[in-house]
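Next, two complexes with subunit A in common: one pairs it with subunit B, the other with subunit C.
This part shows the complex of A and B:
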């Protein structure tokens, strides 16, 4: 089957999801990211790789952090970055997604970083670019609906590899609102591809997708059961907007059952690391003692995220 | 192509060290270009009794053929474990050919600061320069055809050896 992320030579042309990425492509991205990490630590935090290229951040859904980290990454590669607030401009006036893209291509865009509330929007863009014969323009998915958030998945893998070196013996627990989480889907795919020993999905029945078992994970509804002897705990943000529905009784109740406290964390291995994609809701999914504690690697994740996004853009723009 | 006799690369490292020795200043720092240049720089560090660490540089992010070749080869992190500001640097590589790698390395070094000077030490100058760059220290000059590739590698005993590959 044709892989929409790869070009005719089998090289990565778009990053749409972790699904379908060969293991060696993931490893190549992570290895390249470790070289970029050193660039960000220098006085001159810039390399000339994407000099003269135009990267368009096209965010149809609000996100400050992801957009900013993509912007920093592109600027450290010396690209010109254009941020489009499409929610307030052309789309509001009735322009379709593909018309917006055609206009930007006419402005000589080299790369699109796209976030959209609809799953599959980046794929639609990539296949449109192929149809109009513009294989030289690249698409990076910065989050689409509930589907995927591949750069977050990759930066999570970078973080885990940084602290744990090898995936083969790792037990990784992903806790919280997995149903609405594109991060969880990307993490599970990446962990499976990289050969993690066990991936556990922990959460209440109402926040776990029904098809979750097909993804090769162990489902736990009990937090204590799920955390026992794990090496990595990935906490997900409890999206406040979901609290109004019938999925959960209350934030307090949720914290009681699934919030990560020092006491619960003691069930994991003593050297377990705690991750969170941000933004955190302290006192809802994670206790401040844990978030600020010695096992949390939440801020290093942010630093690694820039290097990973530099690697993704550097590799795509060269293919 | 006429066959050429390939010299012993370890002996050449010793020759290169002797070329550098009279010019060496107490604050001179060596920077090796991945991967052959790093091997040579490590030997020079030992032969010249330098107690400072050597810098390692991978020019992948500074190459001028990125547009044509992309980012494929495994990029190794550059590591310059010292302040280059106002220090004399010697850039070390195995082969000097078009000069483009040297150009990229000089550009990268300037992103770490303003060195007092940069000199170039190589084991071989094989001709066909495309930029106005020449080596300050070089024990071997030979003119090779562009279809030939001179490759430095380490054998099982960690000795440096030359080999010559022919491209169609």
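This part shows the complex of A and C:
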């Protein structure tokens, strides 16, 4: 089957998912991000890699935070950035996803950063661009439904590598609403590709995908069991709409069973790091003591995220 | 009428309904099969067709064909050797009024292509609230009653619908899918949906509905046909019911016989079906059921325009064009399963004809002269431009299949020929 993310030379032409990315491509992105991290720390935070290129942020689903980090990343690469809040404009008038894309291609877009509520939407875009012979236009998936959020997965890997250096002995626990989480799917795939020793999925059955074991993880229903001796804890955001009583009885009970507190964190290794893709629900999935505590690396994740997104866009533009 | 008399020479005649598999001449007169082997006395052929190297079988009978545009789809039917199609009631408006049924029958008769057998709505507007006028609908031409893809949630009403249908001896056809368990689901609740983040339809959505339907059918004695099974567990329930002597039948779609959830690949909306493509072991159980004759095979022909498919997987419309692929895909399944051709052809001729209770799917002398003449080995590539159906979407686009229809005869008239 044609791998829609790679061009004929096996180079990255779109970033749609961690799935299907060879290990060396992931490592190359992380290495490139290292060099961009220095750019962001300079007085003049710009390199001319994308000068004259137009990056369109096309968000069919609201997200100020992710859109902003992509915007900053693109601007630090000297690209022209156009933000489209599609939730409020064309699609409300009945224009289809592909009509919107055709119009933007006609405006000479070089790259799309796409967020969409439907799993697989960026694949539809990539295959459409291929069909109309515009393989030169790149697609970056900024989150599609429950499927993937590859730049988040990559920045999580960057963060883990930064603090833990090597993946081969790591035990990583991912806690919470894995069923609805594109971050979890991207993290699991990235961790298994990079050779983490063990990936644990912790949560109640109502928040776990049916065949999650086939993704190469160990399922733990008990938080204590899952946190024991782990090196990395990735907490997932629990969205309010999951709390309507059909998947979980209440936020209080969820916090009791699966919320991360200092007490539970003591079961992990003493040097374990705590990550969260944000935005956090303090007191629902994570206690403030932990979120603001010494083991949390939640803000460094944000900083690394910009470097990783610069790396992804820089590599795509070069291919 | 002598002018209709057709002499098909030297074809390999395969008629599963009469265990015939022999190279013989076939004589058609007055819209019926007049003789096999030697010409009847006084037979004067208006036309002789040399069919050396070709197979002649009964015109195919399809248990579920969505028509959309009637003329192009019936043209597609005969191009695929399909001479009888059963049309589910979820047309717009639904087939719950005798007048609508009569109009559909009249329009299709006027076209003189494949024969159309309407399936009436079991409930008014398919809403699952009030019984439809089944007797009037049957008099207008309906041969069975169903809810298409709209399950009756109220089990008491389902019981009443079966009782009422049983009163007149009408068959009830149900698509077994529990609407709560299937809610929001777009793919089999398995490995692929888990990985791709697609919401799942669990197998229990099918088994729960089958179990309910079987219990109520047993209580009412209605003749029950369950459409488009998708799971091994569902098939197991049907096998058990048949063993217990219940008058129940079922079918599987040709897509489910060949494909599994893996064919979704990277969100290919052409692989979006309702019920969803399930696991490879489910597919194997469906193949076995078709092989054993537990299930008939249907095309589940559903033309979907490009706009309905060029959407993210979960938003795309389910279904595929299939009338023209039914025969070659059945032949491919037979070859892969090492199943003799007559047994394979039974699943798309006499078996579905028996389910529908219609006089079709047979080459017996006196039967309607509905014939499919095909070259079993001629390869052809499935491309949008080679399909007559208005639906151009199928997961088999680009595939090379063998088995090409050369001529289709309905009621003794040649309605398709290449």
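Methods note: the second predicted complex is superposed on the first by the 318 of 319 C-alpha atoms of A that agree within 3 Å, B and C clash if a C-alpha of one lies under 4 Å from a C-alpha of the other, contacts with A are read in each partner's own complex, and residues count from 1 in each chain.
We adopt the following convention: a contact is a pair of C-beta atoms (placed from the backbone, for glycine too) under 8 Å apart; a residue touches a chain by one contact, two chains touch by 3 or more.
What you see is a predicted model, and the numbers here were worked out from it, not measured in a lab.
A.B. asks: Give one of first, second, both or neither to describe whether A:19 is in contact with subunit B, with subunit C, with both, or with none.
C.D. replies: second
A.B. asks: For A:121, using the defined touch cut-off, is the partner it touches subunit B, subunit C, both, or neither? Pick first, second, both or neither.
C.D. replies: Only subunit C; A:121 stays clear of subunit B.
A.B. asks: Is A:145 in contact with subunit B, with subunit C, with both, or with neither (first, second, both, neither)?
C.D. replies: A:145 sits against subunit C, while subunit B stays out of touch.
A.B. asks: Contact-wise, after the overlay, does A:97 reach subunit B, subunit C, both or neither (first, second, both, neither)?
C.D. replies: Touch partner of A:97: subunit C, not subunit B.
A.B. asks: Which of the two, subunit B or subunit C, is in touch with more residues of subunit A?
C.D. replies: C
A.B. asks: For A:249 in the superposed arrangement: first (subunit B), second (subunit C), both or neither?
C.D. replies: So A:249 meets neither subunit B nor subunit C here.
A.B. asks: With both complexes superposed on chain A, which partner does A:315 reach: first (subunit B), second (subunit C), both or neither?
C.D. replies: After superposition on chain A, A:315 lies in contact with subunit B alone.
A.B. asks: Across the two complexes, find the residues of subunit A that touch subunit B and also touch subunit C.
C.D. replies: Overlap of subunit B and subunit C footprints on subunit A: empty.
A.B. asks: Provide the residue numbers of subunit C that touch subunit A in the complex, in ascending order.
C.D. replies: 189-191, 193-200, 202, 265-267, 269, 307, 310-315
A.B. asks: Using the touch definition from the top, list the residues of subunit A that touch subunit B in their complex.
C.D. replies: 11, 28, 31-32, 34-39, 42-44, 46-49, 314-315, 318-319
A.B. asks: What residues of subunit A sit close enough to touch subunit C in their complex?
C.D. replies: For this pair, the touching residues of subunit A are 1, 4, 19-20, 96-98, 116, 118-121, 123-124, 127-128, 144-148, 182, 185, 209-212, 214-215.
A.B. asks: Considering only the defined contacts, which subunit B positions touch subunit A in the complex?
C.D. replies: My answer: residues 58, 60-62, 66-67, 69-72, 74-79, 107-108, 111-113.
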